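So, here come the structures, one by one.
Paired with chain B in one complex and with chain C in the other, chain A is shared by the two complexes that follow.
Up next, the complex of A and B:
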């Protein structure tokens, strides 16, 4: 059916007096173009963040408290009393409380690691694009070196020598994805540099630094948003893998990877120790990945054409 | 050509040197290894003797020199904990890792090319969408979670596969399947993208127009051209495989190089750690170099030296 202009005009006044219109004035929670699948991911991430923030105070169990008489208690749905809803581990600690604390650590590490990798990557990418040929050569050499090295191995060496200091760990984990950030930021800045508005700014007599910070760097914002989701996933993968191997976050602190590592040793008898951390970790990485894919398709038309051609 | 060749060689050599130096520095950063090799109350005399026998009493630059020349000559140190050369330990572990990684690599490319090809040919069809969706889902799951999921399914619930150890082919199934699944999930999207790009080009339309069948076109013309960009992916995939192998070997208690590396990190066995890290990264760097050198031969359109 074809809607004519007259019909549309006829419908206009009714919507104008529609009582639901008032709610339209409130800021919308989601952009209307956002598919339901993606909205679900945003909600899921908000729930996970809320759980990490508020969970520990609501649950009431101390994640470090051992109850040796209640070791390896099965979760409540296999018929145990509700004191430990998700069961207990091999020394009687509450699995639910530990999972929530682990989630909190993992999220904090991922957030800080992402910022580290974005800051280092952007700084070096900008240096390569705007700092002259020598700087470009040095940065690109570093990028190629980083790309040809299996970074997980480098991290293992660093963790062996620098020990388990949390600040060092954050830096090391954040260094994981800087080369991808640097390459894309450099490419974007090189392209932006050639555009007319930069020429115009220079003609107006603006200084190099002012052009760089006020006119060039802001053009990288959409790329950085996509890169942030990629970095976030990368950092979570690296942190949880290292903690799983026992060379990342150290007890008494805990993270999802570390909890899964402990759970691995008890899979045959007490599978519930690993179950909740695994579920939270997967729901976290899946949500971030789906959101990142969607953002990339929205913000980078070139990528969209490549993925869903014709 | 020569300029390009030299440039790539220099980059590979520099990267290797960078890693060797990093490993050396990190071993020295921790301070005196006699602190954790000897008990607290060991007499200073014994401490000094151990330091001398490890060569730690010499100036740092001299140690670095001995270390580099030793590497070039292929001499390797003795492990801190096991009284035998690191080489022996590595030679014992290496075949296990090669078996695991080799099978996973073959599986990754087999399934990656097959499913990626299917998806591209079926572009925007149900099969395509399913393959892409499953690949995206799997890529968002960390390797050790996949491994634990497999253990829960096949060892705890179905009880048909052993959770760890070596010996029979049954021990290999889950580790190889985990690595293959993760590798193929990453590869499928790349194969699909590269193939779609190629299928859009004129020579493919010509091939179809002259009456070649759909699969004939894909196999004979498109796949070959799509393979060129995939060659560069090989190096990255190998790096991911190495990282995955370290984790998977630990999950399944597979006595390979990866587990030796993790154990060496935990016990700070630097001689063992140094040699195994250099061995693995050397292999990855060599493969990257090989890909760089093969690239202009496979694709004459690449402008060299630029």
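Up next, the complex of A and C:
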């Protein structure tokens, strides 16, 4: 998904700047303007997503199966047999299987959380921009309230009092970034409202709703794309920190954060429990962040202006 | 140059003082918010309470059946129902109040208030009906029935502490729990959310402790606690899991001190409102736990599977022949079939930072039960939500209050104890036998009654014993100190010293 978005997004400006380059060739895997670093991130994300999707069935170990007699087995490269390539944890479960399984949980939570925050943020942002002064005041009040409260603390309290239910958790994680989305969408819509093409649509006698959905909301797409990448990293970190603190994903299910939390207690003796989840978490968030950065440079008109001015 | 000489002398004197007045830093996993000593009877409360308070009679650390004078200098039975104690003179509380008969009377009579929050202490002293003041330093404690083990109750670390009557009544139980005042060799000098500081009590009647100041730091995470020890920030770390022994022992100036404690890690069952109301099913759960395997794996063999709910410290009342709870999955499956278990989910409550190994043990036992065909699940909860009504299985630990079955199984599982309040009504005469045990005098009779009580408890299976955990501490080699089976961190003069 991210790849195609990047492609279309990236192709547009190049073609606009240099119309002679427009060709009828098959779409390339990567747009020519995409630096090698960003291409590497796209490949990395594809690999991680593939691992999360297919990994659990390929690895052949049940991530929940314990073998107390083989607990805290070291990884294969320090002399253990290949049955547990990344070693086992404190109750003898396969670290590789658990890491892949945890990656899948983290990705699913991040995806759902991001979608929830985008949907809520866009809806409320649009309501604020187009729904009149009262709606604007209420939404902006909510936005500012949320912005002024340390959200992790709120989540900790919520999870401790409501119990660690996965549905509550998903909702809570989804509510994490909506206020930023709402503000940006509102700003974009307020700016777009005064543009000529909207005036034109209004002059043609189109209805409010039709203008909103067909002409205004599509202008927020590039911003949402950039926001999604930022929010995705944020949600992964939020999920990981909450699970690390013990109020997120609960055993026997697992996530990258929970795995790191378990590994923390064994860092001095069995560092391999935390190694793979940490590596995946860094790699995942770094890729998404770099890609998001690049997307922002390409899509954000203000950033682009700065670039061309230079 | 006399002035320079004087300065040097002063400097040396000051250095010497610093060297003498060493501080001791202890990292613990947690400390009870309320340190009212009849309420803070948990394993974490016991790490600090014995340094602040004193009992009338003291149990010997090595041989728990030997009683020694403490705040009472002598005692004798006036008749079957009355014990007279002579109190030590010249003892003061940390706030300067003199210790006397009034304080003894108040300390034990506060348990008679039905609203008193330390339910285990209330249960421990339920046999006491009156405390009468004979004179300022003599009291008589009476019971309604003959209580052959009254002296042991008065020596118990789990509630028998003397509190200052006037001060306690003036500030109330809650404020007292935040700033406890006792007669112990340390007084509480500072309290922050994550640290408690004790200072040697200048007015103490006995020997002055080796450390001038003791700082308890609350560090819930194991690895952070161990790191603090290795970095030299603390001298002792408590609640050291077996997996961390190696990382401590790798350092030449650190060591691991461990001891089996008079405490049993337990599972408790909700027999009122849960899928496991049938005793047969609960017996099956008990048969389905391979305790020795868990002891070998998680405790590196350091813990010990008990011979049912018994402590070796019972002496002649301990049955060394009684078998340990067997691991018999085949018999368990058979019992599950007989019980007509319908496959409803069985939830097992566990905390991230509870007893040592609480969560891994939960995950392991749940898998053992799943292998029997039970739909078992771990439910990880915040300590504040540890409510057995919401689940089927909970964790608990049972500490021997004094070396007698009446200070063990019967005290903790009787009808005023936690379990019969929150999830178990015995139907096979458990309570009747328990009451007989309370007043039985002869050793043989007490032995037989206590064995019968164990049989009935195992038949009803309202819970199960897991193991005697090994309590381990990481200790700096500059500190001479050993843990004891009573599960306390006791820092009195004869138990703690420094090597420099």
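In the analysis below, the second predicted complex is superposed on the first by the 276 of 310 C-alpha atoms of A that agree within 3 Å, B and C clash if a C-alpha of one lies under 4 Å from a C-alpha of the other, contacts with A are read in each partner's own complex, and residues count from 1 in each chain.
By our rule, a contact is a pair of C-beta atoms (placed from the backbone, for glycine too) under 8 Å apart; a residue touches a chain by one contact, two chains touch by 3 or more.
Predicted model, so just to flag it, every value in this text is computed and none were measured.
Asks: After the overlay on chain A, what do you see for chain B versus chain C, clash or fit?
Replies: By the criteria stated at the top, chain C and chain B clash after superposition.
Asks: So, A:289: does it touch chain B (first), chain C (second), both, or neither?
Replies: It touches chain B, and chain C stays clear.
Asks: With both complexes superposed on chain A, which partner does A:241 reach: first (chain B), second (chain C), both or neither?
Replies: It touches chain B, and chain C stays clear.
Asks: Regarding the shared-chain residue A:47, is it in contact with chain B (first), chain C (second), both, or neither?
Replies: Neither chain B nor chain C is touched by A:47.
Asks: Give one of first, second, both or neither to describe whether A:66 is in contact with chain B, with chain C, with both, or with none.
Replies: It touches chain C, and chain B stays clear.
Asks: If we overlay the two complexes on their shared chain A, which of chain B and chain C does A:264 touch? Say first, second, both or neither.
Replies: Touch partners of A:264: chain B and chain C.
Asks: More residues of chain A are touched by which partner: chain B or chain C?
Replies: Greater contact footprint in residues on chain A: B.
Asks: Can A:160 be said to touch chain B (first), chain C (second), both, or neither?
Replies: So A:160 meets both chain B and chain C here.
Asks: Kindly classify A:150 by the partners it touches after superposition: chain B alone (first), chain C alone (second), both, or neither?
Replies: After superposing on A, A:150 lies in contact with chain B but is clear of chain C.
Asks: Which holds for A:141: it touches chain B only (first), chain C only (second), both, or neither?
Replies: Once the two structures are laid over each other on A, A:141 reaches chain B alone.
Asks: After the superposition on A, what does A:251 contact: first (chain B), second (chain C), both or neither?
Replies: After superposing on A, A:251 lies in contact with chain C but is clear of chain B.
Asks: List the residues of chain A that touch chain B in one complex and chain C in the other.
Replies: 160, 163, 246-247, 264, 267-268
Asks: Please name which positions on chain A make contact with chain C in the complex.
Replies: Within the complex, chain A touches chain C at residues 64, 66, 68-69, 71-72, 90-92, 160, 163-164, 246-247, 250-252, 264-270.
Asks: Residues of chain C touching chain A in their complex?
Replies: Answer in residue numbers: 221-223, 226-227, 241, 243-244, 246-247, 293-294, 296-298, 352-353, 359-360, 363-364, 366-367, 377-382, 384-385.
Asks: Going by the contact rule at the top, pick out the chain A residues touching chain B in the complex.
Replies: Where chain A meets chain B, its residues are 141, 144-145, 147-154, 156-163, 233, 236-237, 240-241, 244-247, 257, 260-261, 263-264, 267-268, 271, 274, 278, 281-282, 285-286, 288-290, 293, 306-310.
Asks: Quick check: in the complex, which residue numbers of chain B touch chain A?
Replies: Those residues of chain B that touch chain A are 11-12, 14-15, 18-19, 22-23, 25-27, 29-30, 123-124, 136-137, 139-145, 148-149, 151-152, 155-156, 163, 193, 196-197, 200, 235-236, 238-239, 242-243, 246-247, 250-251, 261-262, 264-266, 268, 270, 273, 277, 280-281, 284-285, 288.
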